[in-house]
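Below is the structure I would like to discuss, written out as structure tokens.
When the chains are written out, they are named A, B, C and D in that same order, and each has its own residue count from 1.
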Amino acid sequence: MVIVMAPTATAEDIEEIVTLVGTAGGEAFVSRGVSRTIIGLIGDVERFAALNLGGQRGVGEVMRVSTPYKLVSRENHPERSTIRVGGVPIGPDTVTLIAGPCAVETREQTIEAAEMAKAAGATLLRGGAYKPRTSPYAFQGLGEAGLRILAEAREQTGLPIVTEVMDAHDVPLVASYADMLQVGTRNTQNFALLQAVGKAGKPVMLKRGMSGTIEEWLMSAEYIAQRGNLDIVLCERGIRTFESATRNTLDVSAVPVAQRLSHLPVVVDPSHSGGRRDLVLPLTRAAIAAGADGVIIDVHPHPEQALVDGPQALVDGDLHDLAEIMRLFPPLLGRTQVTTALPTP
Amino acid sequence: MVIVMAPTATAEDIEEIVTLVGTAGGEAFVSRGVSRTIIGLIGDVERFAALNLGGQRGVGEVMRVSTPYKLVSRENHPERSTIRVGGVPIGPDTVTLIAGPCAVETREQTIEAAEMAKAAGATLLRGGAYKPRTSPYAFQGLGEAGLRILAEAREQTGLPIVTEVMDAHDVPLVASYADMLQVGTRNTQNFALLQAVGKAGKPVMLKRGMSGTIEEWLMSAEYIAQRGNLDIVLCERGIRTFESATRNTLDVSAVPVAQRLSHLPVVVDPSHSGGRRDLVLPLTRAAIAAGADGVIIDVHPHPEQALVDGPQALVDGDLHDLAEIMRLFPPLLGRTQVTTALPTP
Amino acid sequence: MVIVMAPTATAEDIEEIVTLVGTAGGEAFVSRGVSRTIIGLIGDVERFAALNLGGQRGVGEVMRVSTPYKLVSRENHPERSTIRVGGVPIGPDTVTLIAGPCAVETREQTIEAAEMAKAAGATLLRGGAYKPRTSPYAFQGLGEAGLRILAEAREQTGLPIVTEVMDAHDVPLVASYADMLQVGTRNTQNFALLQAVGKAGKPVMLKRGMSGTIEEWLMSAEYIAQRGNLDIVLCERGIRTFESATRNTLDVSAVPVAQRLSHLPVVVDPSHSGGRRDLVLPLTRAAIAAGADGVIIDVHPHPEQALVDGPQALVDGDLHDLAEIMRLFPPLLGRTQVTTALPTP
Amino acid sequence: MVIVMAPTATAEDIEEIVTLVGTAGGEAFVSRGVSRTIIGLIGDVERFAALNLGGQRGVGEVMRVSTPYKLVSRENHPERSTIRVGGVPIGPDTVTLIAGPCAVETREQTIEAAEMAKAAGATLLRGGAYKPRTSPYAFQGLGEAGLRILAEAREQTGLPIVTEVMDAHDVPLVASYADMLQVGTRNTQNFALLQAVGKAGKPVMLKRGMSGTIEEWLMSAEYIAQRGNLDIVLCERGIRTFESATRNTLDVSAVPVAQRLSHLPVVVDPSHSGGRRDLVLPLTRAAIAAGADGVIIDVHPHPEQALVDGPQALVDGDLHDLAEIMRLFPPLLGRTQVTTALPTP
């Protein structure tokens, strides 16, 4: 931690900081300049934080120099992690395709979409039974009936299920069906939910907040980790910017940046990033090329009838191209496509 | 609703849209141009939405022309509403000062802060017992013990309490203490929470999402209203932008814009907007001058010891200036300062 | 300047930094922590910048602690400046109203608008003869013919002229007519233009870049100042954000923030910020209440015929309300309205 | 064009619009709904724009449905264009590597960097003799002396030169040395400069504005095209967002989006997007995978001594990896790497 004193700080102000730091078991190194004094702190950052140094007289700015997340940080865990979902790996050696319908609407649509996903090379099935919708008048998902349909689709296709949970108190129910719990972009800082999925005993896919910084995203992951669950996959899904040609702006740089800061796998959602079918394949290629550990993609047998996000779902005619991307790109990155659940080593 | 067909749309594509609209009980007016055709729809927008017109062949773009929120819209309710919190009005004829500590830390600090608030002219007491914190290692609030302290502060000062609730399942507990429930910026699209506070029988202060558009904010209010609760106060608290000199960017224009679109009162939080003590008074003046129906402000007896947001809390020395603003500015806007709970008319 | 070394930095890396700093005549204070070392630098920041310390081996981050602008900074010039434009003051003791047509379209429209401005209490006349337009097919302004019309309007009304210049090589021509040169938001980092207006011998109104930070804005002012011209007025005109209900988002906090960092006056453009007539008066009030030293407002006798920005221009019916704001608000801020060119003290 | 009337519009208001549109040679189709009336306009959009319909009484909103750029639009020019720079193609069949130093600092550094560029597979040399710098105290480039050094580097390596021009009046001088003129991100709406490069008879690389929408970028290209120059290459270089982990946020979706809207080639600058050396190669891969027609990359023999942007320059050790990307990725996109200037067909 570094404290930059205000130009108006007095010798007493500086002395007080040094004393305070000492009471917290730390050491303070004072560098006096012509117009300002800088104090470097060595010691326990948590204890320094409790001192509220920013509120002391004469303090201009307090700058943190170490990362505020510990469990998900790569500093103490240099090797990148592989997470397994129903046996399917997501990690640094592979590229995993997760696909399925945005929302579970009917049994037929879901199973058809699951077959489409499998045909394209997916090894995990996505699908929402609980849908966060901006409007209270929009379709909100089938709830538990949707979870049962997903379970049936899993049985038919063999694909483990990734599905969203929106409320802390639904976690046990959703976890009883799901292989992986998804926390959506509007809930990235719903801390009650993060703590609940942290105790659920299932892997978690944590979407980045619509306007969340990478650091905030990792702090949210830390909430989950802190409850004992380190089976977390980060999912970049586009951020909110001034550009309106796309629904969100895919921050493809977030993939290598998050991988450098955290040992957790990072996947990309090209469907929700662009919000347009014609962008899904280019963004899928870009994501894998940037180093994503997987992609999660919407498919729909009849997108013109979709109740949610039809305009971004891939259709039958796209599956061959998607399968080709999954076959050709991973080797260029020194990775293999996940084609089936690998045996746990 | 207006549909702009793609330049490649065929006569059949257009015919199909017209037929579809007819099946939904609507009328379609077709305007054929040189390169594009436009179709205007008249009828029930909800039913049109269910048609997924954007997914039909030949459709370029679907443009909505009416507001997607009904209950909170001013279109059907031209008169602006006044909400009462423990008898204290928030509405178009008055300017209400809500003040108190950001977080309830101790009994002494809370009561001292409540007295400060009252001295500055506040008629409602703010204070958080449940605190959403980016880091899991930060102080998370005292929970129910904090609520009890708030109730004691209410008893001593007579000020009704505004306090945050973060989880749908805490709503009954918090509502048993609070006069007004606050939904924070990270939870503006926590739909389970919105529905829960909609049923709680207490007025709600709904903060704008950190990166929420005004329309999304009103849609979130609609979630609450739809459950039968129209006692909602909107709170602008700064949005996320590229500028880092302030913690958030106060969107002061959101006050008149939201007031034009919705009949609900709009207040401003100058403390969290700027995140800096030196900006609180200028932003308070700006908010009232822009037409805010109230302001909500952090005060703290000893901000250098505050566990949360000390750098933005007003201190004793600021109270006189705040009281002066509350005295001098409302009359210029044709309003009166709320100085006590007015009798319900 | 503070250097935070990477966790992997070696003792040699640190030694090299200390040596480098010494060669630049500075002193380096080394604080060794458990996982990281921090080096505080004391000396000439310009010389340190030339060392490219960020590029040295083992360096994690270089943090600047002093402002990079000198001439416009308030650190060395604590008293806020008053700038005079044709005798009219813009500064901390007053609130100045600048008004006029967005663009000079015809002689009649311009003179009519100038009379409207005067009636509302303006003491400076704005009007564009050179218009930056996103589309090459849009009206680009009348050029020198427009400047002649402005000069005529000045003669008739006595109001000194503020007008935009878009190209460094037009500066002498525009300066031969104008009392104040305006640099628009798209040119805030057109450094050739900044240097040219810095040598023009006329006061300059520098708009903030559409996506410029406050620091970048002050750096642009420094470009002008460095050429010998300190008669600069900063103009906040809204920044680009995700919100589309308004044309731009007025960053009202930028007023007190910029005034704290710089001694230059700060005015606000409520017309271009919101881009909507119905927001001009609320934003004018907010700007003055936040401490703006003036406001610059579009008026138009027939906005429905305006070639540029008609939807945001005030009309005859608004002038009385504007005049009332100018009369009532400044005294609450301890200021006087400028009602005429004050004699230079 | 579609006009949505306000709910308060009268029959006379609507009649007046219909009449106005008729006077402009257009046809108006009126669709009356329960609460609103919609008017579809068919005819010459330019003439409609001159009517200032948004300013008419009773008008709620005017929505444009055709693109405002003509010459660069793909609507009238469905085949994507290939631009040649000194014989080197940039277009849909190839991927072109442009590399070189950010700034020309010395003869040795420039020639060494040019040799690095060539070794990595570059067929065009980038390098700045005029540098736009936020601070007036920073190195501003060598000017014409720098252009002479670039010409010498071209002679030694055979690589045609891409270099920035910042002021309309420097265009003839810079064009006398350069093979391609670059317009930087701060000048994307410097319309005087756009018009000047439009007449210079040299291909132009047009960077996207830091906060420019894709539509504004294409409008800026239209300014150049309108002066008779269609040899324009668009360059995505990152946009400004709230995320501070990277210097800018690479908007990789802009590549396919701009290619769909315009026939012009689109290249990506991974160096300035991320501003970090460790991100250059991942972002280069992502750009090519998204369909970029080329990439432009900073290289420097001694980045720790660079006067500009050292932290983002690739070094010797990176060249092999860059060359491998250029060899392996284009074939997956059905493209060939440009390895030498192809003979003009």
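We take it that contacts are C-beta pairs under 8 Å (C-beta built on N, C-alpha and C of every residue); 3 or more make two chains touch, one makes a residue touch a chain.
Just so it is clear, the model here is predicted, and its values are computed rather than measured.
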Selected interface, A-C versus A-B, where C-beta contact pairs are more numerous: A-B
Euclidean distance of C-alpha centroids - chain A vs chain C, Å: 39
Distance from chain B to chain A - Cα centre to Cα centre, in angstrom: 27
In chain A, residues with contacts to at least two other chains: 211, 240-242, 244
Chain contact graph, described as a line, ring, star, complete graph or other shape: complete
Residues of chain A defined as touching chain D within the complex: 211, 213-215, 239, 241-246, 249-257, 260, 273-274, 278-279, 282-283, 285-291, 328-329, 332-333
Interfacial residue positions of chain D with respect to chain C in the complex: 46, 49-50, 52, 54-57, 68-69, 132-138, 140, 166-169, 186-187, 189-192, 210-211, 216, 219, 222-223, 226, 240, 303-307, 310-311
In the complex, chain C residues that touch chain A: 2, 4, 7, 29-36, 38, 40-43, 60-61, 63, 65-66, 75, 211, 240-242, 244
